[in-house]
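Next up: some structures, all given as structure tokens.
Presented sequentially are two complexes of chain A, the first with chain B as partner and the second with chain C.
What follows is the complex of A and B.
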């Protein structure tokens, strides 16, 4: 992946921190081509986009590579010039929102101005070229306040800019943009690629509290509500790829890594029918090529590490888990 | 050492053990006991230097040989012979029942087994002589199989013959499906009564009872954990009445009441919600509606004839329904998820490739 593409896609999130640091050390961003990603790409090619959007759920144990598979698919979508709607790590919105404000447009809902603005920036950076080429216009006029109005026919980019500048309205801008893009997709102008990492936090209690210390359910948060509408399959010309992660759930709901358990009843019914794709630990071939890459990058420095026995030892200690392998090679 | 070892049994007798060269062992004239420890000889007759037999009296030597050997006489008096313990004089094929006719506490000299019982931190487990553990615990040496055979033979004249038609267990289960279990207790004390004797357990297999789906579900809910799904047995234990007969009648009443109640359909049962359901039913669920709407949309764009799509739709929908039900009812696992994946791919017109 070239640095410019990497910057465009993942500047504001999408790849785990440790991997980012590793990429900086190696001075290149390299993702291993693995079976789950290839499988999804195959299905994306086969899918008929006149039919309702197909949802793909990536699931697997901790550290097996779901987020990076998602990143790979995002890159694929980028190359195919699809509209990317990417939520880098959904629990950021449910657990550590940077700021909470009661919603202006609807009573009882909660807005997250800073998070929404950050997302708009990411949206712009990921889709700038495409938006310019397509020159999408708003189909309705939206009144933000007495003085601020977006007229019908104004470009969508202006709505994004408005949201970034006026953070108070950012969440609503996000909702508007998503709605508009959905309608455009249905007309068939372009394909939309929705990617959410850790989507299971949308269906569980959040850590967000109102002023009176009452916990806000996920449905009351504007951003989450807007994205949930996209996750349904009542629109077409789109593809939805999400990951469900144990870590994304609150502490009491982490018993299993299976999708139905993590999504809960509500989430499972929302996603039906979906295609579950398991992301597993490295296979023999994969882990050997990963170790060869580390050796090539001079990451494994000791002589013993480069011998076959050393490699076997590393494979055994990490249990073929990609994350653990990365951590172990970091420390040694 | 030599082929057999000798053990000093009596403190007075002196036995010289000669080194390997000679195989003979010198015996003293007065009394020596040469015993061979191997078990086969344990029960057989021991060799005495003098030709003593069990039935004859021992000779009491007064002023004869003892006087002659005064010089060599030991201090503390001449000890009388101690007979060997009984187990050494037992033949193989004796009647054990006459040796141990009733329950008795353990007698080491009578039991011919080389038992060791107990734990000593350093050393071997203690043997049977003066072993309080062996004496304390109850033994069943009075109930060996030959003894029980004798008991059965004695009781036989009071019994009626087993019905000829009840040849196998299956026929017995079929003819007598209900099993009643009661316990009897005996006390050797001021009162022979035991209150535990009133407890009655009734066991029956549910496959024997004519129950439809609703009746069985209702019965299982009423009965809770008295039902064992592994062997399909309902066990009702009753102990609320003071007499066994009363408890037995109550248990039979319970079974009857359960059966008839489970067949009744109460008006409030129609208020059963999704949370009360015993398992997941795909027909009529929200999942089915979602699938049907998805499929109809997809159908609308594919130019099939109506009849074809109906058959296809049904098959695909059923396959999907099965997959979802198995996830809900049997839990998630790699197999159920793979099944679901196949069904979903079929529904969404995606062919899965088997990639290496």
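What follows is the complex of A and C.
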């Protein structure tokens, strides 16, 4: 991945911090081409986009590479010039929102001004070229307040800019943009690629509390509500690729890594029917190739680490788990 | 025999009480009789012993119980293990090991950044292996002569005295760790320690200066050297 593409796509999230630091040390951003990503890419190529959107769920144990597979697919969508709607790590909205405010437009709902503004910046960064080329306009006029109005026919980029400048309206701007893009996509102007990392947190209790210390359910958060509408299959010319992660669920809901358990009843009913794609630990060939890559990048510095016996030991200790291998090879 | 039985009893007691009791045990009588040998975990070492012909005698010797931190891992380095033990506080071996590993990672990253930023000629001179850097840094920090307080005629003199290899290693490690702890609040210990180790590798920095100051003091106190025997 070239540095400019990496910055465009992932500047505001999408790749884990430890991997980013590793990329900086290796002086390049390289993802391994693995079976789950190739499988999804085949399906995306063969899909008939006049039919309702197909949902793909990436699942697997901790540290097997779900987020990086999603990043790979996002890069694929970017190359194909699809509209990217990417939530880098959904639990950031349910666990640590930077700011909470009661919604202006709807009573009882909760807005997240800073998080919404950050998402709009990311949306702009990822889709700037495409939006300019397509020149999409608002199909309705939206009144944000007494003096601020977006007229019908104004470019969608202006709504995004308005949301970034006026954070108070940012969540509503996000909801409007998602709605508009959905309608445009149904007309067949472009394909929309929706990517959410850790979607299972949308269907579980959140850590967000109102002023009276009552927990806010996920449905009452504007941002989450807007994205949930996109996850359904009642629209076409879109692809929804999503990961479910144990870590994304709150602490009491982490007994299994399987999609049906992590999504819960509500989530499962929303996603059914979906295509489940299992992301597993490294195969023999993959792990040997990964170790060779580390040796090439001068990461494995011990002489023992470069011998066949040393490699066997690393494979054994990591259990072929990609994340564990990365952690172990740091100190070898 | 009695010491051996006592030793096995102590293993069953919980840590706080164990510390209290062990403080009272006589240091001169170890828990194992002299015939017991240390465990040799690595295959390479075992093969070497075989070649030397020592295996015949060792094969029938009883072996001491292997310590918890002994493993047959190819990556185990006894010097680094010793260093980790000295870093450890309150028996938190896991934390100590993580800190030392993070230190080596920090050294590796600094050196790799330097390597990639330098020209093809100077690349050959940059040492990338954190272990080699640590070993060389340790060598550069080891004092060969230290001062001990000796009381003669009511006065305590700082007398220069030679130092055993083990003592010297320990002092060097202790100095490195203290230098690593001497930092700003926001800087992490592994980060600071990695800087100290890299400085010591280049024969610069606080720890090497401390060793050189000690040597200078020893030179200055040369006159008292005979107090060692009087």
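To be clear about the criterion, the second predicted complex is superposed on the first by the 332 of 332 C-alpha atoms of A that agree within 3 Å, B and C clash if a C-alpha of one lies under 4 Å from a C-alpha of the other, contacts with A are read in each partner's own complex, and residues count from 1 in each chain.
Heads up, the rule we're going with is that a contact is a pair of C-beta atoms (placed from the backbone, for glycine too) under 8 Å apart; a residue touches a chain by one contact, two chains touch by 3 or more.
Just so it is clear, the model here is predicted, and its values are computed rather than measured.
J.: With both complexes superposed on chain A, which partner does A:269 reach: first (chain B), second (chain C), both or neither?
T.: The answer is first: A:269 touches chain B but not chain C.
J.: Have a look at where A:47 lands relative to chain B and chain C in the superposition and call it first, second, both or neither.
T.: In the superposition, A:47 touches chain B alone.
J.: Taking the superposition on A as described, I'd like to know which of chain B and chain C A:233 touches: first, second, both or neither.
T.: first
J.: With the two structures laid over each other on chain A, which partner does A:161 touch: chain B (first), chain C (second), both, or neither?
T.: A:161: touches no partner chain.
J.: In this superposed model, does chain C or chain B come into contact with more residues of chain A?
T.: The partner that reaches more residues of chain A in the superposed model: B.
J.: Go through the superposed model and pick first if A:310 touches only chain B, second if only chain C, both, or neither.
T.: A:310: touches chain C, not chain B.
J.: A:207 contacts which: chain B (first), chain C (second), both, neither?
T.: Touch partners of A:207: none, neither chain B nor chain C.
J.: Tell me the contact category for A:35 with respect to chain B and chain C: first, second, both or neither.
T.: The answer is first: A:35 touches chain B but not chain C.
J.: Write out the stretch or stretches of chain C touching chain A in their complex.
T.: Interface residues on the chain C side: 73-75, 101, 104-105, 108-109, 112-113, 115-116, 128-131.
J.: Where on chain A is chain B touching in the complex?
T.: 35, 38-39, 42-43, 46-48, 50-52, 54, 233, 256, 258-261, 269, 272-278
J.: Under the touch definition given earlier, write down the residues of chain A that touch chain C in their complex.
T.: 21, 25, 27, 298-299, 301-302, 304-305, 307, 309-310, 313, 317, 330-332
J.: Which part of chain B faces chain A closely enough to touch in the complex?
T.: Going through chain B, the ones touching chain A are 286-287, 290-291, 294, 297-298, 301, 320, 324, 327, 332-334, 337, 340-341, 343-345, 347-351, 353, 355.
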